[in-house]
Structures are given as structure tokens and as C-alpha cells.
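Alright, structures below, take your time with them.
Below are two complexes that have subunit A in common, paired first with subunit B and then with subunit C.
Entry: the complex of A and B
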């Protein structure tokens, strides 16, 4: 977006970012900040239970002197610390999953879209088989088999997601490969790897980023679902999902245990979703130009 | 046309075979042997060996696979190691509960999503429409199990209006149905909204307006009709998704469906039930997608004529 540098009247020198973009972006940044700084500000100790402090309402005073701003759970652990720790787990898992699944999907999508032929067939058939499973079911199956741990969750979710990325990248690669510039490069003898890197890859990055953004939100939900079932992150680490699962038994007495993690999740996922939407519009415009 | 249908059927069969095989591999790879789990920590080596033999676990892997496949084709997945009866029977017994839940969710999604989407496209510049858009996005961002728990909190724990768990009456269907459907109501609303808005950008709309037709006629008579062509495919898609993702909601509401059976079977390494349940769910899923695929091709004259 070029700007006219001369100050002629009231021309804006910088395009203003609309509210509906910077607000969710700020929220996401806040979550990331909270996740990084959480352990330093308000550390969560999974085993430090204080039965005296159990089931305190939000805002009550703790026996240690501090305030439980969001209440405590059934063994006396403060909710705020759990939320912060949970944010960390969610963001790490979602980020790593999208990174790994995205990379694998990117590579396979590029190969399938550029080389076509039997490579394309095999990759797409594999993808079809995988898509025959409703994704949550596949995740439950694999996670149930592997056992609860952060690494396993990331692996499981990455396995379920690669095909989503691969398909998008493949579509872009198919379009880009047909360009005359690519044909010309091949004729001149440019090696395939370089063609992929310089001609095909830039085409695929845009849609890929849009998908990646949406998937981060979906993966937060997926990780929470797995942890809720006890198949995700180990119970000693706070995950929003396992916290909500804890809160199930105390709906009558301590509604805040189950409520707050969910609210945090909705806030995060919606913000990421809005950003993804905005990214979608921007890349669409760029492509159609 | 017929050729493409046959091709799709063959593809679907291949996908189903692949899915069933993947389950076999995944389930057997696990450390943790159903025989020892069944018999408990005090079982002797002989007892475990005998149990393994009766479950067919001591055969070479390839032979197990062949047995498994030939059984699968006849819908026989063996005996449930945990419950005792034939695995397939256990699954089929619980299928109606899951299907009812899926259908109720589908009904809710369609009855709310479509009108809301159309309305918000019709009045797309209004503040309320933007709010609806935002709320739909919010709905999509809520995990289904949390929605379920919040519903229980409000309607069962606080208001005492609806039953907490189990499938005892028609009322029992409401909360699990909403929990399952809510994210997709949001999705459908936004999809319909953007579909209608896209359609409104077409040239024929401009022409019709130029001819003097009132906007109302153009909107409901032409735009809407064109947008609704893929309704059937949406129905099929949603049904498949609901059947597949009912697992979590079933756990939250202690619903007597296939999903909850599956979770229990995974925990207890009840191979036969895991295989049977996944076979049934993915089978339904694949068949539904196949029908959706074929119908979509058939209903859109542009694609149909392009193929034949």
C-alpha cells in the first residue's frame, strides 16, 4: 500500500488497521504473552494441593495470603495458574502440530501437485483413506494407543492434519505448475527443486497460511478434547481440557472450574478465526490481482 | 455418468478397505495385551497364553490380518473380550442411539442455520447481521464437550429442567443435540450467508434488477433457489460429521451410543469392538460421502454435462 509522502491536507500517512483486525490480534498476542510469562508470574504446581483452600469462589483469599482471582479447584489449586499453564500447553501443542503437519503437508502437496502422476495418486489415496475417519475418531484411536503425553498429542494431531495442508498446497501447485514460466524454466534446464522453490512455493504460501491460521484454532479444540477424555496431555500438566473434565463433578458447587477454561478457549479460537478470515480476504485480493 | 459413479464406488471400497486395515495395524501396534488386561495382574503365564490363544493373538500377524479381513467382509469381528458377545452385535445395538443423536443435531442445524444464514445475507449491512456473524464464529470456536457441560450446568444443575445423562426420553435428546450441533449451526449460518452474498454478485441479478424486478423477487425466486442446490450435499456431509464426532458428546452425557462404546473398548484393549465400531462408523461415513459426491455431480447440470 503505497502512501503519498507529501502532507497534502489531511491525507493519512499510514493505512489504519481496522478494529476488527487489531483487536483479535491483540487478544491472541495477549494469550501468547500469558503463556510465555505465566510460569513466572503465577506458576502452576500440579501436585501442590492445599485442601484447606478447596473450592474457593473467585476472588477469595487463599491461605497463603494471595487472592484466587478465578477461584480454586477441588484440591485447592488456583484456577488462574491453571488457565495460564493450560494456555501454554494449548498454544505449544497447536503451534507444533500446525508446524509439523503443515511442513509434511506442504512437501507432499508440492510433490503431488508438481510431479503429478503416480506420486499424486499415492498421496491422494492415502489422504482419502485418512479422511474416511472422522478426524476426532482418528485422533482418539491413535492417542488411545500411544498414551498420554505432550509429544504423543502433537504427533497424533499432526498425523490427522497433514492431508488438510497437502490438499490446499497441491491445488496451488497444480495451478502454478501449468504456468508458461515453469514450462520455460524446465526447457532451459532449471532443476526441479529450484523450480519448486522459486515458482511453485510462493504461490502456495498464501492459501497455506490461511489454512494454518484456522487449523491452530481447531487444534486447540482438538487437544482440549483429547485431554478431556484423558487421552491427551498427562493429568499432572494442566490442560484446559482436563481442567474442564475435573470441573464436571463440581457443577453444582464450583461452576467456575469448568467454565473459565472454556471461555478462555472460545476467546482464543474466535480471535484466531477472525484473523484467519481477514488473512483469507487479503490473500484472495492479492491472488485475483 | 454411470462410469464415473462406478469409479467412485470402487474408490469408496478401496478407502474402506484402507481404513479397516489401518485400524487393524493401529490396534495391534499397541503395547498392552488384552489377555493380560482381562485376566488381571495375578494371572499366570499359562493363563495368559491360553487367553491369547482363544483370542487368536498367538498367530503370525499376517494370518491374523487375513482372518480379520475375511471376517470383516462378513461383518464378523469376533467376540468382545470385555463384554463377551459378538463385537458387531454390541456395536449395532448401540447404533440407533448414536443415529438418533445425529439426526436431532442435523435437524437443529438445518432449522436454525439456513434461515439465519439467509436472513443475515438479506440484511447483510445491518449491525444485527454482523452480530450474528460474530456469534456464529463464536459458536464454531466452542468445543462441543464444553458446550455440553455448560448446558448441563444451566439446565440440569441450576434450573433442573433437563435430564443430565442417558437416553431415557425425547427430552434427553435436546442437550446432547445442541452440544453436537452448535458449532455447525455457526458454520452453516456463515456458509449460507457467504453463499448467498456470492450469488448476489452474479450478473443475472443485475440483469433481473435492471428488468425492473423487485429485490424481494430476485432474492427469493432466483438467488435463493440457486444457493439451495447443494442442500442435499450439506445434509449428507453434516450427517456424516455428526455420526463421527458424536463420541465426545456421548461421553459427556453418558449416551448409550457407539462412540462411548468405542472409548471404553480402547481403554480395555477390546480389539474386536474397536475394530467393529470403527468399521461401522467409517463405513457409514464413506457411504454418506459417496452419496453426497454422486448427488452433487448429478444435481449440478454444469458438472453433469461436463462429465458426459
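Entry: the complex of A and C
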């Protein structure tokens, strides 16, 4: 009786796409749009300071006639433009790092999981060494030798992150390689590359995408951390991390300098995280079928 | 399964039972209470260790904590850090000098009296009964060893003693210093000569825990982290009122200012101009400032193109609206400079300011062969001076308007210092303090051809500076330094935008604190 009551209670109409998916997705899309269009609508010039307009509160009028919707920083640069320029840097770095690190990790993970043996050992030990090495030190080294730039940030982060992808792909590849279909293909004489492409890769893509989504959020934070420490983008370029760093002495007086990039980062990373979670649920169901 | 009632009377499946609910609530309340008690206990113990708030009827504490913006990297007063503000501050409390500066006069310290039998000879008579912290007596041989060590070292202070001929310790209480040419700055140089035990000068680890003869002795020191001092009860001079003096290093400005507000430290400096209003409006804290010897400057590497042409340097200066920048960025905390040294220093002479004139700047550039501008770099060290990055960025905007593209390079301290001393830079932005209050310390030390600190070489200037150093006639020295100021200013060896007030944040309970113009206050007469 109680069982029937419970099943009746559970039948309800579900919306096509739940709120917890389309809302974060919309936010992420908004950020991407802002990053693409922003620098055209409200360009940021890192070298255009105007000390007359310094430390203006959000909504104040600039001496050049415009309005500083989100205030100005300590040398008079508008915060809105910095936010948009920083969005571009964050998304480019996160995207490129995940792409490069992901590709390298995918290839190496497939090789390690499929061929096993000494290839697996070498790749995994390399990864262990990498993980044991503090990424901040590597960032300092690269920034010191090559100088700060967006390309160097991507290089630093990709070097330290490929192992995350490689491990996940390797796990899938190990499972997939043991399938009877793969054994059969080997017996028939299908070349290894074809096996990898047709049998193993589809298995690995699912978990890989989930990890990639989570890593995008992580890379946004990592880039901001490096820029906060001065090891990321050069002085004249805006990044959320360097903007927060600029504003950290002014938390009591000009809170808007550090707060808005911080909020933007939180929104972006949390949205990406929720999306990754939703993706995880979907791919999980697919895998277990 | 689901329809069975559970033993505790719950009809739900595996939901929270009443027993579990009570259990968890009890743990929660108990845990919170424990944490609260622990927290109260901790705050009570920290507040007693910092001397507490001044609620208990005005009993002054004997422990004082002071935090300032630079780390103490070394306690060696004759080493590579011998002009570093932090090392000088520590040295003044741990060691003694022959003479000290009080205001604009020089007073006896270890040396009770001195005379000059001839222009190249100075005889100093030392005080009796001065002991080092380990009990050994301070004698003339310690003074001799310390000065010889300093003069032959390859450190920034050594060039002050270029004309030293010999130091003799005739008897334990007399030191005779002979120079090759008369040294007019003998006494002010001696305010930076800290006397260390002769026996320990060869011990490389001595300065990790040094002994001196000063009002405080070292109880614990970790470079770039903290320095703790205890009072020296055997001090020959007036005993300090404090029993313990601590210098923790707090690198983040906001953390340092917050420590002052909460009472975790009692004194801090410098207060950046932008945070000044927040500090003055905080109860329990006051800001004391004084015109200082500290100034900012932007050197040009005069040995490198395009800055080897004086017209280019002058153009760079005319391109900047110094008055607006300094007024907006620093407000009341700084004044626009009109000489290469601050107006508080002996030897200062006002010069003709460079007016803000971008057109003149462009025509100077064209005359020098750069009609379309050029590209160059500017470097500075992170955190070396309040708001230095904003200053660099503001300059950059004005330079961009005359077609000069500048790449801004913010470097970490060690990397910046290496490049600075190797002359591997185009423009260098930094601050400096004329520590002795005498123009020889800055002009005479930095702008000679021999010093080669920015590739500028001018024989007339060299003669002015060496004459001024060797003269003991203060009027004549003033005239010579006035000429030196004019040469350096008109040749635009650097841009000298501002001299900043020394601003100290002090808790209300601190008595007897005197703001020092060189960012190195003394704590011997202070109570917390």
C-alpha cells in the first residue's frame, strides 16, 4: 500500500532541460560571449592610465565623459573593460591548456593503457615526477627564463596538467583493451592504430570530457593564481588574477577593484563545475548500459 | 522492509531516526562549545603576550612589536646589505657607532671627544667601560678592525671611505684615522660605522647571532622572517624602557596594516598614501608623519642608447605631468621634488622645474634623431616603495603620447638588484633614502664616474663631489653641492618626481615614539 502511494507520488512532468543545467550553461555562454565581443565594445588599454580618474566608485562619471560602470582602479583604468579583457585571457588560457594538455594526455594515456608494459611504466613514472614537482616552481622558472606572457602561461599549465588527462584515459584504455572485441580484432590482424581509433578511443572520450570540463574551471583558477603572483600575464595585460592582485591593498577602501573579478571567477568556475557534474551523470548512464 | 516498523518507532525507511537526531545535535553542541572555549582561551593568551589593550590603568607594556615593509636579510653591518634600511635599523639597536646624529648635529656615542691635529688626521677618544653583550670589552682595536673591514669590502658603503689611508689603535681608548685627502664627511660616515668584535670578524656564521655593544641584544633571528631583541642590562648609555623588542616581517601591506589595527603589532611603517585615510580614522591607532630623506627617482642608463643623448632624457622628463601625477597618486603624503635630493638634506639647492610640455618633448626627440619615438624598458622591484607600480604605469601613459613605447618590467628583489648593479637596464624606478642626511651619501656615492651606477660620467661633477667630500668648511660644501645638484638636474641623469613623507602607524598605547626622517626610528626611549 505504501509502495503504491510512493510510485503515484513520483509520477510528475519533468521539464525538458532541468534548471541546474541550462542556468549554468547560459552563464558560461554569457562569459564566452563577453570574452569574444567585450574587447570590441569596451576595449581595455593597459597603458592608458589617467590618474585624475583614479579610485572612482562604480557608476561615477569619468573626466572623458563616459561612465565607469564598475568603477576605476588606482591608476584610473575602468574596471568593466578589465573584467572583459580578463575574461578573454581566462577563457583562452583555460581552453588552450585543456586542448593541448588534453591532447597530449589523451595520446599518452591511450598508449599507456593499450600497450602497457614498459611504455606504460615510462609514461606513468614521468607523470608521477611531474605531479611531485610543485607547479609554482615550474611557473617561476618559466616566467623567469622566458618572461611573462599568455603563451608561457599556457605552456606552464599544459606541462603540469597532461598527466591528469593521461591517467583517466589510461584507466579507460586498460578496461577497453581487455574486451573480447579487441582480442578478436588483434587475432584477425587489425592494425593497432585502427583498434585504438575504433575500439579504445570511444571508451575514453566520455570520462575524458568530464575531466576536461572540470579542468577548465581549474585552469581558470590556476591562471588567476599565477597572474596574482605576477608570474602570469605581463603588466600591461589584464587578467582576473592580476586585477585581484592590484586590488588587494584596497579591500577596505576601493573594494570594487578586487571584488568584481573575484565574483566573475566564482560564477564561471561554479557554472563549469555544475555542467561537468551534469555531464558526468549523463556519460555514467551511457557507460553502464 | 519498508512497511515494517523499526524498533525505535520510526515508520520511514532509512531516514533520520529520533535517536540519531538527538545524538548528532548533542555532538554538534558539544563540539561548538569546545571550539568556542578553545578560541576564547587562545585570544586571551595572545592578548596578554602582546601587552593587552590599554584598559588596565595605564600600565605600560615592556614588549613592543614593530613591522615594516622590508625584510631584514642580514645583520652584518659591513656586508652587502650595509646600506639596506632594514639592516641599518637593526644595527642601530644591536651595535654602537662612534658618533650619532641628533637632528642636524653630531653627538658623541662610543667616542667621547675627537680632534683633528691636521686636515688628514682625526683622533677619537673612546669611552671607558663599554662592553659587548658577551662581556668582552670594546676597545680601539675593535673599531680599527670594523673600519678596515668596511673600507676594503666591495659593499655599497665602501665608496664612502675611498680616501681612507690608515686606522691605528694607539692605546685601547684611542683611535687615529688618517686619510689620503681631507674627508669632510668623516663624522657623518662614522654614524654608519657599527663596531663589531674584532675577534669575530673572520667567523662567517657570527652574524647569524651577533653580539654588539648596543642597547639591545639578539635573542633570535631568522633572515627575512623575524628579529627578536632583548634589552641589554649592561648598556653604557641610558637603559631602554622596553624589555623585549620584536620585528616580525609581514610582507603583505594589507596584512601589516590589519595587524596594527588588531594590536598584533604596535608600530608599523610605511603607511601607503592610499591607505592613510583608513588608518587615521581607525580608533586606537594614530599616524605620525615627518618630512623624510626618502625620495623616488627614475634613472636613465646614460651609457646606453638612446639615453646617452641628454636631449632624449630631457624630452622624457618634459613629457610627464609630474605635478598632476604626484598630486593625484600621493596627495598630502609627498611633495614634488625640485632637486636630485630632498629638501630636508644638507646640500639641497632648489632647481628650475621641468615644465609639462609634450610639444617640447617631441621637438627634442626629433632633434636627437627620434622623430617617431623609440622603444625601451623600465624596471622596478616589487614592493620596494608604496605605489611604485602606479607611478610606473602613469609615466608610461605620458610617454606613450610622445611616441615612446615602454615595456614595464616588474622584477623580484634579488633579480632586480642583480640587473641594477650589472647596468643591465634602460630605466630604473626606485626609492632611496639619504640615510645620513648629508648630500655626500647620495650624490657623492652614486654619481661619480668611479661609482658607475648609471653610466653617467662628468669630470666637473666628479671634481665638485670630491672637493665637497674633502672639505670641512660647511659653507663651501653647500656651494659645491648646489653646483652638483644643478649639473645632475639639468643633464636629466634621472627623473626626480617626489619626496615622500615618512608615515608611521602607531598604536595609542605607545609612548615616546619619534618619527625618523630616514625610515629607521629608534626604540630606545619608547614604551609600548
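Please note the rule applied: the second predicted complex is superposed on the first by the 261 of 289 C-alpha atoms of A that agree within 3 Å, B and C clash if a C-alpha of one lies under 4 Å from a C-alpha of the other, contacts with A are read in each partner's own complex, and residues count from 1 in each chain.
Following the convention adopted for this analysis, a residue touches a chain if its C-beta (ideal position, glycine included) is under 8 Å from a C-beta of that chain, and two chains touch if they have at least 3 such contacts.
Keep in mind it's a predicted model, so treat the numbers as computed, not measured.
S.K.: After the superposition on A, what does A:205 contact: first (subunit B), second (subunit C), both or neither?
M.R.: Once the two structures are laid over each other on A, A:205 reaches no partner at all.
S.K.: Which partner chains sit in contact with A:30 here, subunit B, subunit C, both or neither? Use first/second/both/neither.
M.R.: neither
S.K.: Could you look at A:145 and tell me whether it touches subunit B, subunit C, both or neither (first, second, both, neither)?
M.R.: In the superposition, A:145 contacts subunit B only.
S.K.: Kindly classify A:262 by the partners it touches after superposition: subunit B alone (first), subunit C alone (second), both, or neither?
M.R.: Touch partner of A:262: subunit B, not subunit C.
S.K.: Where does A:235 make contact in the superposed view: on subunit B (first), on subunit C (second), on both, or on neither?
M.R.: A:235 sits against subunit C, while subunit B stays out of touch.
S.K.: Quick check for you: in the superposed arrangement, does A:74 touch first (subunit B), second (subunit C), both or neither?
M.R.: second
S.K.: Which partner chains sit in contact with A:47 here, subunit B, subunit C, both or neither? Use first/second/both/neither.
M.R.: Only subunit C; A:47 stays clear of subunit B.
S.K.: Mind working out whether A:248 is in touch with subunit B, subunit C, both or neither, as first, second, both or neither?
M.R.: In the superposed model, A:248 contacts both subunit B and subunit C.
S.K.: State whether subunit B or subunit C is in contact with more residues of subunit A in the superposed arrangement.
M.R.: Of subunit B and subunit C, B contacts more residues of subunit A.
S.K.: Would you check which partner chain A:21 touches, where first means subunit B only, second means subunit C only, and both and neither mean what they say?
M.R.: After superposing on A, A:21 lies clear of both subunit B and subunit C.
S.K.: So subunit A touches subunit B in one structure and subunit C in the other; where do those two contact lists coincide?
M.R.: On subunit A, the residues that contact subunit B in one structure and subunit C in the other are 144, 248, 251-252.
S.K.: Which residues of subunit A touch subunit B in the complex?
M.R.: 125, 128-130, 132-137, 140-142, 144-145, 217, 221, 224-225, 228-229, 241, 244, 247-248, 251-252, 255, 258-259, 261-262, 265-266, 268-270, 273-274, 277
S.K.: Okay, in this complex, where on subunit A does subunit C touch?
M.R.: It is residues 1-3, 47-52, 54-55, 74-75, 144, 230, 234-236, 248-254 of subunit A that touch subunit C.
S.K.: Using the touch definition up top, name the residues of subunit C that touch subunit A in the complex.
M.R.: 2-3, 252-254, 272, 274-275, 277-278, 324-325, 328-329, 382, 387, 389-390, 393-394, 396-397, 400, 407-410, 412, 415
S.K.: Any idea which subunit B residues touch subunit A in the complex?
M.R.: 11, 14-16, 18-19, 22-23, 26-27, 29-30, 137-138, 140-146, 149-150, 152-153, 156-157, 240-241, 243-245, 247-248, 251-252, 262-263, 266-267, 274, 278, 281-282, 285-286, 289
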